[in-house]
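Here chain A shows up in two complexes: once beside chain B, once beside chain C.
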Partner chain A sequence: MSGKLTALASLALDNVVAHALGYAASCAGLLLTLALWIAGTAVAEGLRAEGLRAADAGADIVVSLRALGRHAPIDASIAEQLRAINGVERVEGRVSGVVDVNGTPLLIIGVEPQRLASASELERGAAPKVSGECLVGAEIAHELGLYPGAHLALEGGAMTRVVSISGVLRADDALAGSKTLIMDLAESQTLFGDTRLTQMCLWTRAGYADAVARAVERMDGRLVATTRETTRAAIEHAANRRSGGLSALLAPLLALATVSFATLSWFAHARRASEIAAYKLFGFSGGDTLFVTVIENALVALALGTTAFLGAWIFVRGFDAPLLAAWLIPDLDLFPTQRIPAAFTPLPLGLGLALALCTTLAGSILATWRLSLASTTKAFA
Partner chain B sequence: MNDAPPVFELVQVERRRARAPVVGPVSVSIEASSVCALLGPSGSGKSTLLALLGGVEAPDAGRVLWSGRDVTHASQSALSLLRRGRIGIVGQSFSLHEHLPLWQGVSIGLIVLGVARKERRARAIALLETLAIPARLADRRPAELSGGERQRAAIARALLCAEIAVIADEPTSNQDSASAELVVNALLARVAQGAALVVATHDPRLERAASQRVALNLPALQP
Partner chain C sequence: MWYDLRKKLAVASLAAAAVACALILVFEARRGSGPTSWSRLSIGLGIGSQAGVGAGFFAYDPRLESDRDGRLAPLPGVSVDAGAGGVFTLRPSSR
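Our next item is the complex of A and B:
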């Protein structure tokens, strides 16, 4: 029995190879839709992973101030009060703001000098050693032609500062960091002409984060304490929305592609009626022909899923997912030149194969059924 | 004395098209190791009678028996299973598997018998060579063969899975004299091995070899 099934499966493989062009034409729409879906899923998963990685690398709690419904600067003196809260281990101030460099918005982040000096995720150069040195993201370095040793004039609200680039952050650093310039906290305060801070970052003892967050908000009703878990949940939520939105967008396309596959299979299989009739003339039962055609479709699904996965990989890794990435990542160019985060894990491959199998089997039900009913008279006429 | 039932038996079988009889009513009994030649002019119903014998078509009246078993109302799938490895059929259109290499199409009937690929290929090539189709053509597509070679390939396919019978429609019609001789010899060799041969033919060699001749007339001329 297994010998027969092996021989039938081998015939199915030969048939797929022999009818490869026909199958390729039938599957073109499915291939495109699946490749887009796998690419989108991989990018969404990549963004999720990168966001979570950034959240894990950051503070346990980020404290900001809201006044009159807007973010407001925080007075540096609050640091002492925050340190006094039970469970808080370390408090660091942070400044963030945007300056325009030759029409390119550049996110400035001012951090404590010791944090700047300990930066290790560098593509080129070294961590800043003295005041006035800073780090830049890989994307902005590429856009503005910056390199270790280069100088850059920054026009803040108060004055113009010339900074020296000591290092470039790694290209696989968080996407948000790719257009960022990280500098000494005091330098950034001078640049923006404000000694106050944008955020306070808190590190707590294990298990104290929620209690500290509640204590911070009790301390001053205008303070908003965002824990790492809240940030993670927001990142997960955003990633799920991206994936869900993409699936909702592609679902009608997939349905259309399946109908197109079913229609083309119907016509393609009609041409194969005499081939199937000849099988039956030589002892193939209806079950045998059904088995062969189902295996054919399964092989087509395998080829389809694998090709779609490879196509998606090339689309994202080779071409930075033009158009698609801009839909998933706000403020991104339609044709991005930077590395797009993507996670080509077994999940999108497995889902792609499963989807390909479902669509090809569903799309070929009628054609397969019709073939299994082919009359032997077609082979004897 | 052989008590085995006839390989094929038609009992008052009739086939109509557009309410006019194409065949019959006719009764025929074909024994193992015998040759039955269906004779008659074109359009006299030889091919239809072969189709009825092979279970390709169902009769409008009468009964069809294979080795004593009534298959008149058997389903296509049941007939396929009964034909499997036992009855080889050659139609006039050959119906070769154009998308497969020749050896694969010729050995198609061996797939459902579970014969391994290597053995299928060896048996197909051996039979093709018997019918003057060289082994180098075994991997070609049927479209690359001449008409005569295509017909001989179809005969090889039938012979490969014809343990009890071969049904052939004009098997020498596209052959030159030498090739026709090879075809007749191959068919008669299978008869010598115990198979029944039912053949619609105008070939005098096959007519001479026939132990039973069924003469069919044009339906309009039938009484």
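Our next item is the complex of A and C:
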């Protein structure tokens, strides 16, 4: 029995080799769609993983202020009231603002000095040790020609501050930091000429986050407390929306590719009919013919799925997903120069192989079945 | 003979592609997914308000950070900050 199956599988391989060019032509559209889908899924999953890592490494609660229906700075004196809430272990302020450097918008993040000093795994340089030293994202360092030891003049408001670059974040660090300058909190307040803060970050005792968030919002109706769980849920929602949107966009393309595969396969219909008729003359049953077709399609799907996966990997890791990444990340250039986060896991490869098999089978199994039932003499007529 | 060679080549190509995929998966898994320097600084979200979280996280451009602060911002690169003294200019929201 196994000898027969091996012989049938070998025959299927013969067929794939004999019709290699035909298969290549009919699978081209499918290959492109699959590669795009795998690349898009990998980027969306990479963004999701990066967001969740950032949320996990961040504060338990982020407190911001809404005034006149929009985001507003918080008075630093609120820190004492927040510390007094039962369950709060630590409170840190944070400043985020934008300055213009030679026409390039630069995001300034001000954090507590001890947090800044704990930065590690930098591309170049070291963590800031004294006030006036800062870290800079890889992309903005490249754009502005910054390096450890370089000085940069920042026009923040009423005054100009000259800061020293102590380190550059790695190019494969989180995308959100690639265009950012991170400095001491007090230094950023001086730069903007404002003693207020953009957010307050709270760390709480285990299990207290929700209660503390409610207490913060009761304290002042204008305060908005976002817990880590809310942040994680929002990141999951945004990632699902983006990858779902991409899949919905590519679904009609996949359907078109299936139709294209079936249509192009039809051109080889006459030759296929002769082949199947010859099998029947050699004593093949209908089941044997269908088995050969399934193996043939499985081999084609394996080639298709693995090639699409390799192509997607090169497209994302080698070329930073031009055109596609801009659809997934707001305001990114069509041809990005920064590293694009991506996660290539076995799931997209497995799904790619399954999709390829389903598509090729859908395009050929019905025709093969009908031919296997047709009269042998008709096929050679 | 030529046909046999093509058949062997096809099998070798399929095997090579499968091995390459497996190697990529191993490489990607070993690449590491620990917190980055940026997330260790606990500022990975850039902005943690309910308005900013979600779609906001995926923005990396400082101009969008500015836009999120001003909910009326109609275009990337335009910040509506009434307190800045110049509407439709790129200004830090904390000013």
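The rule is short, and it goes like this: the second predicted complex is superposed on the first by the 368 of 381 C-alpha atoms of A that agree within 3 Å, B and C clash if a C-alpha of one lies under 4 Å from a C-alpha of the other, contacts with A are read in each partner's own complex, and residues count from 1 in each chain.
Here is the rule we go by: a contact is a pair of C-beta atoms (placed from the backbone, for glycine too) under 8 Å apart; a residue touches a chain by one contact, two chains touch by 3 or more.
Not measured: the values here are computed from a predicted model.
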item: Residue contacts on chain A - larger count, chain B or chain C; value: C
item: Touching partner for A:V99 - first (chain B), second (chain C), both, neither; value: second
item: Which superposed partner A:Y279 touches (first chain B, second chain C, both, neither); value: first
item: First, second, both or neither for A:D14, with chain B first and chain C second; value: both
item: Touching partner for A:K4 - first (chain B), second (chain C), both, neither; value: first
item: Contacts of A:S375 with chain B and chain C, given as first, second, both or neither; value: first
item: Contacts of A:D288 with chain B and chain C, given as first, second, both or neither; value: first
item: Common ground on chain A, meaning residues reached by chain C in one complex and by chain B in the other; value: 14
item: Chain B partner contacts - residues on chain A that touch it in the complex; value: 1, 3-4, 7-8, 10-11, 14-15, 18-19, 274-275, 277-288, 375-381
item: Interfacial residue positions of chain B with respect to chain A in the complex; value: 47, 50-51, 54-57, 76-77, 79-81, 83-85, 88-89, 91-93, 95-100, 104, 108-117, 120, 157, 161, 169
item: Partner chain A, residues of chain C touching it in the complex; value: 3, 6-7, 10-11, 13-14, 17-18, 20-21, 24-25, 28, 33-55, 57-66, 68-72, 76-77, 79, 90-95
item: In the complex, chain A residues that touch chain C; value: 13-14, 16-17, 20, 47, 49-51, 53-59, 62, 64, 66, 69-71, 73, 92, 94-100, 105-109, 111, 115-116, 118-122, 135, 156-157, 169-170, 173-180, 182, 192-194, 196, 198-199, 201, 224, 226, 230-231, 234-235, 237-238, 242, 299, 302-303, 306-307, 309-310, 313, 328-332, 338, 343-346, 349
